Structures are given as structure tokens and as C-alpha cells.
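The structure appears right after this line, and notes come after that.
Chain lettering (A, B, C and D) follows the sequence in which the chains are written, and residue indices restart at 1 in each chain.
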Amino acid sequence: MTIEASTVTEGGKSRRLRLGMVGGGEGAFIGAVHRLSSRMDDHYELVAGALSADKDKALRSAITLGLDPTRSYASYAEMALKESQRADGIDVVAIVTPNHLHVPIAEVFLNAGIHIICDKPLSMSLAEGLRLQKLANTSGKVFCLTHNYTGYPLVRHAREMVQTGVLGDIRLVQVEYPQDWLSEPIEQQGQKQAEWRTDPARSGAGGCLGDIGTHAYNLADYVTGLPLDQVCAELTTFVPGRRLDDNVAILLRYQGGAKGMLWASQVAVGHENGLRLRVYGTRGGIEWIQADPNRLDYCPIGEPRRILTRGSPAVGTAAARMTRIPAGHPEGYLEGFANIYTETALAIRAVDAGKPIPPEVNFPTLQDGIKGMAFIEAVVASSEAGAAWVQPQFV
Amino acid sequence: MTIEASTVTEGGKSRRLRLGMVGGGEGAFIGAVHRLSSRMDDHYELVAGALSADKDKALRSAITLGLDPTRSYASYAEMALKESQRADGIDVVAIVTPNHLHVPIAEVFLNAGIHIICDKPLSMSLAEGLRLQKLANTSGKVFCLTHNYTGYPLVRHAREMVQTGVLGDIRLVQVEYPQDWLSEPIEQQGQKQAEWRTDPARSGAGGCLGDIGTHAYNLADYVTGLPLDQVCAELTTFVPGRRLDDNVAILLRYQGGAKGMLWASQVAVGHENGLRLRVYGTRGGIEWIQADPNRLDYCPIGEPRRILTRGSPAVGTAAARMTRIPAGHPEGYLEGFANIYTETALAIRAVDAGKPIPPEVNFPTLQDGIKGMAFIEAVVASSEAGAAWVQPQFV
Amino acid sequence: MTIEASTVTEGGKSRRLRLGMVGGGEGAFIGAVHRLSSRMDDHYELVAGALSADKDKALRSAITLGLDPTRSYASYAEMALKESQRADGIDVVAIVTPNHLHVPIAEVFLNAGIHIICDKPLSMSLAEGLRLQKLANTSGKVFCLTHNYTGYPLVRHAREMVQTGVLGDIRLVQVEYPQDWLSEPIEQQGQKQAEWRTDPARSGAGGCLGDIGTHAYNLADYVTGLPLDQVCAELTTFVPGRRLDDNVAILLRYQGGAKGMLWASQVAVGHENGLRLRVYGTRGGIEWIQADPNRLDYCPIGEPRRILTRGSPAVGTAAARMTRIPAGHPEGYLEGFANIYTETALAIRAVDAGKPIPPEVNFPTLQDGIKGMAFIEAVVASSEAGAAWVQPQFV
Amino acid sequence: MTIEASTVTEGGKSRRLRLGMVGGGEGAFIGAVHRLSSRMDDHYELVAGALSADKDKALRSAITLGLDPTRSYASYAEMALKESQRADGIDVVAIVTPNHLHVPIAEVFLNAGIHIICDKPLSMSLAEGLRLQKLANTSGKVFCLTHNYTGYPLVRHAREMVQTGVLGDIRLVQVEYPQDWLSEPIEQQGQKQAEWRTDPARSGAGGCLGDIGTHAYNLADYVTGLPLDQVCAELTTFVPGRRLDDNVAILLRYQGGAKGMLWASQVAVGHENGLRLRVYGTRGGIEWIQADPNRLDYCPIGEPRRILTRGSPAVGTAAARMTRIPAGHPEGYLEGFANIYTETALAIRAVDAGKPIPPEVNFPTLQDGIKGMAFIEAVVASSEAGAAWVQPQFV
């Protein structure tokens, strides 16, 4: 998506894909992000929703969003059923609920023959994820897991640098994701976002680990492609009364000998969304920071550090095709998120046309969700064993 | 638009506004930005276009964008005529052509009773702008001029800080907009964007001055609200064979005694879009940089510098209502641009309903275009007089 | 040392302290740093040296430095003997040799009744350090260990912030010290600095660990004052043929429940001397980076990040007394190092006058060296046990 | 001064140069900076002083500094006389008084055959400076003017980049020096540093202009070597009751067609010592900021921005010889100032030995002071004429 190509990205389509949404009603955060991302490149039209488990709230939200009220459903099951029976039923559903509902909902829609865009982490357990994977594999449907940070153009470029050997053999991975919004027990004071994220019944075994630790892991995995061998982890809960971890510290061993460290925290005062990745190889090192995503620092060994900017000639094709506006005009979180949606649209159009998904399309999938769940379980096991080395079960 | 409020922004509307576009066909840059901005908050639907003066190209572009081919017009005049006759004709037109066509096109659409969103600078001359203003004032239609940097949330906050007296009496304004893309004579090598921008017949009297100097002036004007009294300017053309200025240096005197400096350049190697504003008052100073727009530095006198971040509790309501996602997740150029579109939609809906435009709505208008043209003419006159002090004619 | 006070710091002394040096001849690095630091505030005069084990080189170096050739000694033992017999013999010796000689030399000079300034790490083993400690305790002499980063004014301020409770209860410590100068096997290509640092016989059990890992540990210890409880560590040697670790990754448990991570590396391409400390408490977080040492980021919970600058009114007395020049004029590594020398001079003058060392004087001592050796041994033991938790023996 | 060479810099001398000082007694700022800078590389020994016009204060200051009380003089005239009669009299005098005394003192010491190190600006007027120049030219003595920013290694490298054509033909110079310490009328509240700097009788015709505007001008001049052709300036006094300018805005025309802007301010809230230089040529651009002086940004046209660091292999010999410690360990203001002192020592030793000054020695001299005074007078004249273009009289 260079300047000229952005026009191409906008269109080249017979029609917009029909999108449904489960979750994302009034008061939600990530639902609005999904909707906006779906509109960005004009590949989708939101036409149906089960926006809340509360029927009235679902309808009110649907009307606010301009949906046809008859396509506002009281349950996701009803929605899957009814939409799959319509000639103009949804092509794809976005699942933006708390974690415990991801798999049950995905199963219903896959069974109804509908493509899936699902928020992360994938599931409540690795076993549940594997069950879903089996279904998805036989369904032939597209499954996108919105590990959205992989949509940033310079993350794509970082990956390309690793793949093309610019950094040499990778030795070190340092990844961190500090936040501070849970520094105090706000889940005990009625903050909805905090409530479900600190509730094992809705979040799963990981608190900070599942919410942002998986993002950090996924980002490192996406960029380096290094298979994780073992983790040595310590989970901590600092805030009294909290039921899940709010700080994650991990030593990483990768297959082939690379090493790493991963830190995620929700009690690191002064950090909003401090996701940062550093990768060091025998020939160079790179650093990328989500809060300033249009910049990728690259240092070739023995030479000065260079600041690679999104949209500039120094950046290769993997990033260029994810770029909408010229260098120096910042793109942000929503553009990165929208890139995932747009790539998913390209995949859905290909699959629905019986064609292979273009090789340059590279959004995170259910397989990444499985890896994430294996990572979570290995980390929890390691921590419970007092920071023993544990090998994630990537099956 | 806090997290919760963003849902409100998306909807609350009976229907999307019908948008037409003049210009913005294949190979254009800013047209795609306008379209994307119109989609961001779901207030608009693009339904018609005269996307190119070349009829075939116009049609091809329209089809690519998914327009009904019968609403792809060979000329803007035809489009204004036909659309104004349809019951479902466009509510508003986006004019995204080179500068010399802004006023002719706007006149036709205003006469057809259609709201206007127009790229900047407004016109080829102050006189032409004033002629348009007269028409617009009697039309009762909304006129938005896309000085898009005013849409950034932290620019809104900077303005609010000045208005509420946080900075005390303003003494100094330092604004700059360096770029480097015209460091070499690429307009002589077939680069389309460079060609018209360096052509007086299509750009007007200012080159760098009209293209980005007006943005810098507008940003300072928007934030400080200080009426400009006099300019002392030197325009320079560094690149041999270039027909318009590529560097702008200005001393500014504001009414009331504040002083300033403005620098804009298209030959400053190393700068992509280096728009930066600094304002200093008796009680504090601020700094904002477009390439890192989620940060506003604020230093109260005698105290440490603070980094105010978009979406954080430190930022007031003027910024909060322009904010889609939480602090730490970067917003960018497109979100700022979209804010202008969304505010314009709010204004159009109000006007069409016979209601006053809500007071918090604050997008740049034709009046800002008039000021910009007066600024351009004063700067050119000053420079031609060897950097004499010249008073802009804000009539 | 505010502007006015710096005059006081320069003088207030009957005479300069007479300084000897062991090591630091031609081709050395840290010797010149010590000499310069000793001159900075005019408390010392270098008068004697055993600058090299090579007698000719020692003499040549001494003459170059303007020493009286009769006070250039062929061995440190001779120097200790002869200088202790002179009426104008040295007051203090600076030991700037490779690690394996620190203790033997220090013992000789302590026995000769001479104060010690010694480079870090203290010794080859904890046992050797403890042996020295016993001698030093009975000697009544001042012993400074040049963990020089503790001399930076803003490190002093960070410590003061912790001590006065500004950050609340400390929860997290993230400290790192990446370098890249050993990314390739330069010790096999004749680089002298690399040779001894990667030689267990001269460096001890830690490579990167002893060279810079101890600095990172010491800095965190100095600022937070938290007693280290346990380490879980992985040492890695990436460069083929290297005999000591070149990468250090540690999980930290502090007494009282705080947690931490420590990373040190000499193969992290793109880092020169990237020492960085972050500390997070219940009420605030701070960040300090050695490469930009005149800035301390401080974020109170729920408020904007503040940039505290050295020399500014926002910084307290602990930092102010270590400050020579106004805010905005950068101080650097040498000023921080010199602060250690100047504080040591104040201590020596006090001790020699039979007075107590002023309480505000706070340079690192032999006790810090013991802690450092205990840290090294615990980390090595942990790593050898496959990242088991090991408790450092601080005896 | 690479790591190894720093030893050479420290010595290679038969004896230290004997330094006297006029001014710099208790409560002074810059005197202590000069003294420290003289000690840094061990080329000087302070042996005499007329440290204050107040005899008692002078003596008290001398004793504090460890001077022989018989060499504390009640007047600079007495000092010049007595010292010139001693066999071990001073070689060089440092003049660190307010501006109005620079020339009278320098004349006395030049007449006494003593080398001069003088603070800036040179004089009260261009005419006075020219009178001194005539005397100095016949004296054969070394005259250093401490425009200390030229001593920073990366300023040397920037100059080398211009000279070797790396940047191509220079088009643009943007230099600024904002401070905020005079934002309020502290000179009316007894602040000594503010008092004389805002007093025309002691500072001359320029306030902010003479104090820091000349530094900005000198820095640009030193780096680019471009002869200044004309200035178009506006001086402003913002603080009520102040007798000299506290803000300086200038458009610059250089011979050969380059253009520039210079801004200096002492009322820009939030800036401590914000000296910054940017230079743009046809092949590249650079940026250097005094507060972070170990970094020089360099952008070759069409390529990514590079961060050149002091001490790194990317930096040439002009910088390397001014460098004491490795890359990543910050040097600061005092090291840059000391570089001026050390180069002056090299010049004095050469001149006293009847040898030419080595060509690589490159400290600012009386000639730079003349340029500075011509600059001040041209700016004042331009401003008084309402920002007319005025050509500085560089005679």
C-alpha cells in the first residue's frame, strides 16, 4: 500500500464482505477498534450483531451503530443460525468477547460455515484451543486471531530483516510489555475492563500473562520465527486481593541456541502500553517500540545506528504493502489493526473464490493462538514449579 | 471520544451522509486520505465522483472504488448538476484537486446547494477566496477546509491550554515545517505530485509557502488564537529551474506584542514531515511534533517538563472528545484527518436539521482559508520588498 | 556543589592528597579515567606510580605523566614500602589493574597504612574478598571501590526518592547493561582490553557478569537499598572460543517481595554502554539511562511523566551536592567518576583528622565489593545448576 | 584523544603552564568552570589571581583555592606587573569578568607579555575589539576566546563533514539557543548573574544577544565556515523593566546564497540551555543538540537518518583527538570546555618554543571575538532600523 497502491487496496472487490460481531456493545473497548479497523480499507460492512448478552443493550447498541434491528440478535447461537440461513448472511464474524467465550462462539460459527476473526488469547486452555483447531482445520474457513501488533508495517519489516539474514544469526530477544493501569485494585472498584481480565473464570490461567504477555511472546515469535524451546518463569501478583498475576518475568531458550527475556507487567507505574521488541544477531540489532511505531532502529555491526521510518525508501516490500500514507505522517494502532482486517479480507476473498491465499498475506491465525496457549500453560507450569524450565507443548 | 464514547461517535445518526469527490483518482495521494477519513467514524458513504479530468481514468477509478458507474462523472459541473437533481444526491463534496480548481469547483457545488469539504490552500489569490466567501456566506452551507493538523487531539489540548490561561500571556511562537522531498528537481523528472506543486499556474504564488507554510501558519493560529499583525519574510528557491519558492523564513509580529518565527522548507535533507509548534507564555511553554503526535511537552515555569499523552487523565475535554483509543496506543495522521471529517459531519447534520452547530465543534473553515491566503500574499509581498514588514489583509 | 558551592568543593583543604597509582600505564583505559577524576576537584596530586609490570614501560609512562622518575616503581610492593617510609609518601593508592591483582595489591598497601581506591570487581572470589575485608576493617583506612555510576547526581536523586518514600513500596527493578564490543572474538585478535576480560585467570568466574553485570547489580542495589534474596540466572557464551560468559540473564527476588530482572550483554549489537535502571513502586516509577545521565524520568501514579534534570530545582540535596554546572549543560561519566574521588577525599581527610566521615558522603566501599562478589558467585552457581534459585552469601 | 592517546594528552610536557585568573572569586560561575577545565588534562597550574575587585574577597577566594596568598592581588594591574617580574610568573591569564572589563584587562596582560584566555563576548563594542586586535597582533601572544561549544568533539566532526563535502553545498543553517532563566525580572531581585547580564554598562549593547546569541552565531560560523553577508533582526525585551533584549530573532543571508535563521531567547519557558544547530546541504543534513552532545544526527539524502556517536568508528579524526572516553560513556560541557584549554596549551607551548601552532589545533580566537562583535552591532543596527538588512563589518 504505497501512496498509489492504496487506491488498489481500497477496492478491487465486487462487494464488501458482510461482517457480524459478537460482543462489542456499549461500554466495550475492543469492539469499536474492530469495527473501525473493518472500515478502514472498505473491505467490510457491519450488518449483524449479538453485541451484548443483555438483549436490550444489544439492541440499543445495534441501533446506535445503524444496524438493521432485525439483525440484532439476543444470542450468538441465534445469530449464527439465522445469518447462515440468509442469502445475504454474514461472511465473517468478529468475536470480541472476554476470553472464556471465544471457543464456544467460534465453534458455533465455524459449524455455520462462517469465517472467523477472533480476539486473543484464543481460549481458556490449550486443550480447548486444540479442540477448536481440529474443527477449524476441517472447516476450510479463514481464522484470524487479532494479535494486532503484527500488522504494523515496521514489524513486517523487522520480520523481513530477520528472514533475509540482515541481522545474521539471531542470538538475543528482549521483549517487554509494561503497563500501569492495574497498579491499584480497580477491579474491586467496578472497573469493567479490569474485572473480567482479573477473573480466572473469564480470562483463564493467565492475568497479565494472557492479556499482554501473549502479545509480547507473539510479537517476538512473529518477527524472529525462532521456535521457543523452554521457559523459566516467575509470575507475581502484587496487588492484594487480585486473583491473577499482574507481573510476568521469563527467561527464554529458543531452539538453536538463541536466548531471550520477556517482561510483562500491569503494575509498572509510568507505562501506558510499553510494548518493545529488541532482537540482536551476529550482524546487527533492531529495536521497535509500539508507542512510536513509525520508527525502527537498526544498527549494523560496527556502524552507526540508523532510524528506519515507515514509508521511506529504506523499508522493503513487506512493510510497503501495509503502508497507507507517506513517511513522516504517523500511522498508528488502528492502521496496524486494520492491516490485519484487510489481509483477512484478502484471504477470505481468495478462499471463497477457491484460490490459494496470496503468499504475502501474513496475518496471525488459529495456529498462533495454539502457540499462545501453549506458552501460557508452560509459563504457569514453570512458575508453579518455582521457575523450573518447562517446554511448551506446541502440538 | 473516550473508550466508551467512541461508540457514540460511530453512530447516533439516521443515515450516513452521501459524499461525492472531485479529484482523487488513480495516482493521487490526498484523495485516498479523504476517503479513508470519511469512513473512519462511519458518518459518510462515498457515492459519486468526478475523480479525474480524464474521463476513462475517472471511470476506472470509480469502479475500483466500488462506485455505481452511473455516478462517475466526466466533469465536476455535470456531477453538481446531476447529483443536485437526484433525491439521493450527494450531501457534501470533497474537493481534492490542485489548488487552482478549488474555487471554481466550490462555487459550482455551493450553487447546487451542496456542502463543501475542500483541500488547502483555499484559492489562487486572496481576491478569489473573498469572492468565494461571499457566495458561501449566503449559501448557508458548511464549508470545511482540511487544515488537518488541527484535528490532532493534542493540538486541541494545546489550544485549550492557551485559552484557559495555563501558559499565561503568550510571548513567543516558534513553528516550523521542514521536508526534504523537493531537495532535487524531481518536478523536472516527471514526479506528478511535484509537478503541480511547483507550477504557479496550478499552485498559486506560493510553492513551499502554499503547500506547507500555510499549514504551519494555520497551526500556530489555531492553537494560540493570536491575530497576526505583520510578517517580515524571505522566500528562497534553492533548486535550479524551480519556479516557486522551496524555503520560507519569516519573522512574525502578533497583535498584543507576541513575536514568532516560521520556517518551512522542502529542501531540508533529513526531514519527512517535520511540523513542530512551540509556544511560550509567561507561565509555561509547550511543544508538539506531528511525527510523534501522541505527546505534548508542557513545562510550567520553574518546574520539570511533563509529557502529556493523548488519552491520559492529564488531558482535557477538548482533546478527549477527539480520542478513539487508550493512551499508549498511538493514533496518527489519519485519525486527526478523520476528526475533521467527523466534526464536519456533526456540523452538516446540525445545519441540515436547522440547528446550531454545537460549540465544541471546531474544524477549520473557509475563514481560515481566507486568513491563509492573506498570509500567503503578505509573505510574498514582504519577500519581494526585501523582507519588509507587511500587514496581512484579513478582511 | 551548586554553582556557588563548587568553589567550596575545589578547596577548603590544607593541601592536596598525595596519590599513587598501580597499573594505568601506556595503553590502559581506566587509569587515565582515574587520574582525570582525581584532578577534577583538585583534591589530589599524582606523585608516584607502579604503572606497569614492565619496568621500562612503567618509567616511560611515569615520565609522560610528569612524575618524578624516582617515584616510578618497578613493583607495587616496592612502591608500598618506599612510599610508606617517606615523610611525603602517598596518602592513597589507586589500583587500576586487572581483577586478579586487586586484593594482593590492596593488602600490601593497607599493611603499609595507605588508603585505597580500587577498581571493581573487588576480587577473584568471595573468599578472597572476605579475607581482604578482615584486614581492611582492622586497618582503619578508607577503602573506595569505584562503582562509578553511583557518582552520577541523578543516581543520587533516584536513591533519595526511594529513601524518602516518593515511589511508595518498591515492587519492581528492571536493570540492564548491554554492550556490543565483544560481539566478535576480538580477544583472539590481540585486543588487550578484551584479552584479560575474557581470561578467567585474570577476570575471575564472571566475564560479562563481572565486568558490567556487577555494575548493573550495584546500581540497583545502591538506588533501591533492597537486600537481594535470590537469583535465578542463565549465563551464556555466544562467541565461539570465548572462555567466559558474554551474556547474563537473571530473575531477581528481593527480601520483602520485590522482584526484578537483570540483563547484561557484550554481544548486543547497537549498544555502546547501555546501562539503564527502572524502578517501580506503589506510588511512582523512575527511569535513568547512563548515556543521557542528566535526565531522570519520574512518573507519579496517575500523573504525567516528568523529566527531572540535573541541576534543576526539582532535584534534591543529595544530587545538588554532586553537581558542578547549571541544568542544561551536560555533565558526564567523568564528572560522576570524579564525584567518587572527591567523596573519598572528604572521607580520607576526615579519617586522617580523627573525625567521623560526614553522613552525606556516600561512595561505594569494600562492603559493596563483597556484595558484588557474593552476587557473582550466586549467579554462577545458579547458572551452573540450570537456573536454580540461589541465595547470595552476604556475610 | 582516543583511549590510548589520552595518556599522551595528559603529558608530553616539561612542566605545567602557570595560570593566573582575573575574576572568578566567591559566588562566580564561569571562573570555576575555567579552573576545572584547566585541570582536566593537567596542562595548567593555577598560581595567581585577582579573583575579585573586593580585596578581602579576593584573598579569601585565593586561600580557599589553595593559592599562595602573596600571589593574590588586589588589582589585575598589580597582578600583571608583579607576575611579569617574577621568574616563575604566570604564562597565561584567564579573564572571567563581566564583559566591560575584558579588553582593559587583556590590554594590560598583553602589554606584560602574557598569553590570554578570555571569556566571551570579546568587548563592549566592535571598535574596542579592533583596538585590542591591533595590540594582540603585534604581541605575538596566544589569544583564546572561550566560545566553548566549539570544543565538543561532535561539533568538530560536524565541521569536518562540511569541510570534506559530505553535506554537499550548504543551503540552510538553523541555529537556536533558548533558555528560560530570565523569564521573570530576577535581576530586580538581586540575582547577581542576572544583574550584570542585563546591565548595558557591563554587558554592552546586547543582552540575550551578547550572552547566548553570539554563541549561536559562533557555533554556526565554526561549523559551516560560511561568511555571513547580512542580518535582518528583531530584538525584543519581554520582561517589564529589563534594560536589554531577552529575545533575538534573525534572518541570515550568507555569502554564496545559503540562508539561515537564528533564535536566541532567555524567556522560553522549559529550556535550560537549548543550543541546537542544524545544517542542510545538497547531499545531507545534520543536527546537534548541546544538551545531548554525544550524538550527531546525520541524514544523507535519500537514506535513513544515522546517529553518529562520539567515540565511535563513524566519527573522524577531528573529533577523535578531542575524545577522552569510549563511546556510550557521555562526555559533557566541561570536557568540551577543557578541550579549548588543552588546545590553547598546545598553542602556547608551540609559540613559546618558537614553533608554529599545529594545524589541527583549532580553538576560537580573538578573530572570532571580532566577528562576534561585528555580528552584535549589525543585529542591533538592524533591529533599530525595524529589521532592515545590515551587513556586519568584518574588518
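By definition in this document, a residue touches a chain if its C-beta (ideal position, glycine included) is under 8 Å from a C-beta of that chain, and two chains touch if they have at least 3 such contacts.
Remember, it's a predicted structure, so these values are computed and weren't measured experimentally.
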Considering only chains that satisfy the touch condition with chain B, which of them also satisfy it with chain C?
A, D
With chain centres defined as mean CA positions, report which chain is farthest from chain C.
B
Approximate Å spacing (C-alpha centroids) for the pair chain C, chain D
34
Take the average of all CA coordinates in chain A, do the same for chain D, and state the distance between these two points in whole angstrom.
55
Centroid distance [mean C-alpha coordinates] between chain D and chain B, Å
44
Residue ranges of chain A touching at least 2 other chains are 271, 298, 305, 309, 312
Please output the residues of chain A touching chain C within their complex, sorted ascending.
171-172, 174, 176, 180, 183-184, 232, 234, 236, 238, 247, 249, 251, 253, 259, 261, 263, 265, 267-271, 278, 280-287, 297-301, 305, 386-387, 389
Looking at the complex, which residues from chain B come into contact with chain C?
298, 302-309, 312-314
Residue set of chain A touching chain B in the complex reads 3-4, 6-8, 10-13, 15-16, 26-29, 31-33, 35-36, 39-42, 61, 63-66, 179, 271-274, 290-294, 309, 311-312, 324-335
